[in-house]
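Paired with chain B in one complex and with chain C in the other, chain A is shared by the two complexes that follow.
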Partner chain A sequence: MSSSCSEEDLRTKELLELCQDIVQDMEEYMKPGKAAPIAYETHFLCISALFRVLLARKEYSERALKVSLEAIRNNPADYSCWDFRRQILQKMIGQSSAMLQRELEICDQLCLENPKNYQVWFHRRFLCSYLENPQHELEFTETTLLEDAKNYHAWSHRQWVVDLFEVLGKEEEIFSKKLLEMDFRNNSAWNYRYFILFSNQKTAVHSLQLRQSEVNFAWEMLQRSWRNESAWHYLWKVIDHEWNLFPWITQAIEELKEQQETSHNRFVWITWFHILTYRGETSQANHILDKLRNELDTFHSSFWSCGKEE
Partner chain B sequence: MDVFSPFPWDLHQQYLLRVQNDTKSWEYFLTAHKRISGAYWALTSLDLLNSLEKTDESAIVSWILACQHESGGFGGNVDQDPNLLSTLSAVQCLALFHRLETIDKEKIVSYVANLQLSDGSFMGDEWGEVDSRFTYAAILCLSILGRLDAIRVTDAVRFVLSCLNFDGGFGCIPGAESHSGQVFCCVGVLYLTDSLHRIDQELTGWWLAERQLKNGGLNGRPDKKADVCYSWWVLSSLAMLNKLDWIDSSKLIEFILSCQDLENGGIADYPGDRADVFHTFFGLAGLSLLGCPQLKRIHPAYALPLEVINF
Partner chain C sequence: MSETEWKLSSRDLESLYLQNEDTYPTETYLLQRQVERSILKIEHDKLRGEDRLNRDEHREYLHQSLQQLPTSYQALDASQPWLCYWIVHALDLLGDKPTEEEAKGIVEHLSSCQSPHGGFGGGYGQVAHLATTYAAVCALCIVGTPEALQVIQLDKLYNWILSLKNEDGSFRVTEQGESDVRGLYCALAVAYICGLLTHELVENCSTYISSLQSFDGGLGGEPFNEGHGGYSYCGFAALCILNEYWQATENQSVPHSLDIKRLQFWVINRQLELEGGFQGRVNKLVDSCYSFWQGGLIALIDYWIRKHSQSDQVSFKFSGEDLERYLLRYCQCRGGGFRDKPGKPRDLYHTCYALSGLSVAHQNLKESRSSLLPKINYLVNIRVERWEFAAAYFGNKNSLTS
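Now for the complex of A and B:
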């Protein structure tokens, strides 16, 4: 037997002792017919049965809290365990900052062990309603993202926190830059940067100066790789068809399409197509469409067949 | 030449029937809390394979009805609290068996309607989590029941549009990264409410088309790996936008077929990985949209065989 197995057995034994008065009610949930696997592990089935008893009794107590945690550890995706735990916490957590602190620690651990689990991330949002500032959540999402820089839950949670607590844009701009320095193709980081600087009502400050500096930022990233899908999308959106405001970019694109390294890069040519369209140079733009359809981007040939300007 | 080859549809059928009855396995036990969604994936797959009659209809329907609560909502299993996603799965399963006329629809309608918030979004359950997936679940559920009038459709659409991003994709909440699963949900909402004209369909179609990788598979967001489940979410979105030909079908078919378990049946997320019911459903649904002759035709928004939907 491994040592972790006996740890679980020990915890189960402690919980059974704590719940001595209701142990006999467990029997109903441990009958063979009740959808139990043949080769069950005792502690798993015991905890599951104990949880069901407490749930049926609607017992919102300290020991129920302990049992729900063990049930969650056994199956972190089980919705009803989290549900029950929150019902208990709602009754107790407001009066005890120690309990809130402990719950955050527990949630951190479960989150790190189950980083793509919807229930554990939602539990964080539940806990946020008891927090006075977002510090812990910002630190925690950063920890998670340093492990997996594209974790969708972590990014959307951070965004949700920034919105809820009205976190200032400057720190978050620095954060997105930090993640982009680690991986300039990280689409989540590009998206987050756009959210903070341009689309979040509470942090965005619209100015031409900002657009120019962001276009320069995206261009600097593109120079590291001209095939960076996310950086191109960011660039196009910030420019937003106003090519006259960014003459150094249109100049650079005109040159890039002639250079050997980038003369077959579909993104360069798509950008050139947008520029020609903006300038009203329709027949030249149509030539680019043909080039994209037949040569540069044959994978999307159906798309390019639709794009002809009248 | 048959592009849908090899396609051991009988093995897939056997896999699905076997997995349903394998009640003593760990996987079965651990997924008990969301069994009703598992039922939807398995049953719809079997129906696509023209094999629904091989299931025990009355036992399944009784069990589904036992998952319903006083509020009208359904839980993931008989001892689970109600939530929107499980309610949708329950209604979809009942639709498959043509049993919608035998239930109290109004109770379900009122459960769903009560989950709508003032900004038009929907909570997943009483705990209040908001995600554009839940708007899709609500809208689809009520569309199947013919009672879209019971909610504030304009507000719901407004919320979904607020999840539209600069790249043409949609996220789970306003500003969140575009993700294929969320795009499917949002495009589905717009389709079901006749609101597709509110978006730049070319831009969204382009974002979707860009999901196809060199191996033919589709990914969920830029610079991520392909996964069979996106064969459904991306493909059905393109179908709803009338742009199914914007991806290379034959390469995608090749990719999905390469994710099959040719010995035991079932489909995995990626070639060489273990099959599961979730990916089997999405793989089959994708193949159906691509015209596989051994499968019934599936509706891209309802995610049910066409013949199940009454128009």
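Now for the complex of A and C:
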């Protein structure tokens, strides 16, 4: 198959024609690296070199936008291109907001194609801060999260949007619940829930009532699986060592210790250890440490050996 | 014990598999079970490879990579100093080094990545970036010749790093780029190696790091993000670097509000008993690169706790034997190189961090033995000897100019 008729090659040819006046400067950027040289495809190497020429010339033009976009299509991790586009956009923003909208559409597509790329998500933040479009961003991150429910960039972006545009906490609480209903082991969704309800200055309401209902929620989820570390972390964090405020948890843990299904569950015993430590029952707590080290959590015995209370 | 006598840690993986059975399957659970089964399958395979480190094959893979990389590496065109670092560090851990000609090529290539305004970019003509600067500086220290170290333009480097600093103590990775703990770590690590740490540079950094602890105890990339192995390493290693600076200049520990015990509890639980390797986040899958991010973090926490406690604390370890089993038995590829997990192809990133992790694993064995990998300076992930040589070189240089 001839490669000269591929779409990339056609686009590359057009761009080279558009920049005829500077193509003679490309050679400098096309020499193979002196260490670990990459076997580039021709169209990749040409566009990359052409972009570096424009970058060195600081040419903030319409054609520079086109070349940088092609370079980004070839390699979305080329952060110099993204930087350059932001500089051009900043200079042109006064002229038209349609341009930003168009950039967002490009960004949407590239984000869906490269959901784990740093640059494309940061570029979104840049655009959003001008477009002020929280609703679109919530919908967009939802789309990406339904594809990959643990996408770190997507969650981080959603947190940024919620914080900047003061999105209502109630809707987001429902969103986190929806994701947890899909997979209650999804630690990212638990983290988001904690952020919305307890950490974010703009959505968090600190009340004992909320803590009570969240302890209930975590407990409900734990009943689906006592081995789900995420739900335990959430429970511990919401209780935050104030075991006296949640006396029924102490009771429930005492029961779990006795039940066959959970009597060997290390998380149950770790929780029990925390309760005893809180109560100041040091020798009993140390006894549990020994039990964890020698019997229930031997894989982490080294950790339990150095955790003894004086 | 000699190398031929020892056997990899053997566990009753069948019964661990049965123990891991759980109620109420979800996507997380099903994916996890797939990986567990892929491990059991390797165990059952009569043709399973040997359990020793195939040094020669890895060396050949790395030298070959220095000569030519396939088109699939186009995606890393903006990470060329990383490619150099992954290769030379992996070689260094294997007790090998680039040939004279290769070393010359590396130095010239990295030199071409240096920006006229300070710092190193992903390739010639690319904007300087903190991550590629970290990679370039480490690679040059590993090559270790005066010609290599001379490449780094220290004055410009310092001014450029300082220009990327934000008020909250974080750093942008480029002039126009994103801010997160990677940026902060790379900035401090480079300044630490080159002897460029100043009060101005470190101000507010520990406050930013303290804001990264997640609900689960790990550190995220930005405040309120989920605990993550890579970011936890960056954040805590940066805190340790700050501590070195505070000890040297103020004769006291760096102030911070991280709950280190919780971080420690989080990180030891990231090692998975059946697989032997580490996962990056709670309820995610094992990946060989976390052998270093999490293993190195454990080593740093152990160092921190022992330094800060009066009494002689017992050294805190993870299971080096099990990590070694994961790396050698399940991630080593025929023809050299390491992979993320069974079923994935090898690559240079995983090769570098699997070997770095193996070096950490060797420091966490219950019984010592011969032919271990050399020790790493966990703060920056280059061999201790390379660090010492570079620190002396830059220390000398800075004292001459100041």
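Please note the rule applied: the second predicted complex is superposed on the first by the 282 of 310 C-alpha atoms of A that agree within 3 Å, B and C clash if a C-alpha of one lies under 4 Å from a C-alpha of the other, contacts with A are read in each partner's own complex, and residues count from 1 in each chain.
Here is the rule we go by: a residue touches a chain if its C-beta (ideal position, glycine included) is under 8 Å from a C-beta of that chain, and two chains touch if they have at least 3 such contacts.
Everything numeric in this text was worked out from a predicted model, so none of it was measured.
Because the two structures share chain A, they can be overlaid on it, and in that overlay chain B clashes with chain C.
In the superposition on chain A, A:200 makes contact with both chain B and chain C.
Contacts of A:165 after superposition: neither chain B nor chain C is touched. Touch criterion met: A:78 reaches chain B and chain C at once.
In the superposed model, A:299 lies in contact with both chain B and chain C. Contacts of A:184 after superposition on the shared chain: chain C is touched, whereas chain B is not.
Of the two partner chains, chain C is the only one touched by A:149; chain B is not. After overlaying the two complexes on the shared chain, residue contacts for A:278 are found with neither chain B nor chain C.
In the superposed model, C is the one of chain B and chain C that contacts more residues of chain A.
Within chain A, the residues touched by chain B in the first complex and by chain C in the second are 35-38, 40, 52, 75, 77-80, 83, 86, 122, 125, 150, 152, 155-156, 159, 185-188, 191, 194-195, 198-200, 229-230, 233, 237, 299-300, 302-303, 306. Interface residues of chain A, counted against chain C in their complex, comprise 28-29, 33-41, 44, 48, 52, 55-56, 74-75, 77-80, 83, 86-87, 118, 122, 125, 149-150, 152, 155-156, 159, 182-188, 190-191, 194-195, 198-200, 224-225, 227-230, 233-234, 237, 299-300, 302-303, 305-307. Contact residues of chain C toward chain A in the complex are 22-24, 26-29, 65-71, 73-80, 83-84, 87, 102, 104-106, 108-110, 112, 121-127, 129, 173-178, 214-217, 220-222, 224-228, 261, 264-265, 268-269, 271, 273, 281-284, 305, 313-314, 316-319.
Listing the residues of chain B that touch chain A in their complex gives 23-26, 28-34, 76, 79-81, 83, 127, 129, 165-167, 171-179, 202, 205-206, 209-210, 212, 221-224, 243, 245-246, 248.
Taken in their complex, chain A has these residues touching chain B: 35-38, 40, 52, 75, 77-80, 83, 86, 122, 125-126, 150, 152, 155-156, 159-160, 163, 185-188, 191-192, 194-195, 198-200, 229-230, 233, 237, 299-300, 302-303, 306.
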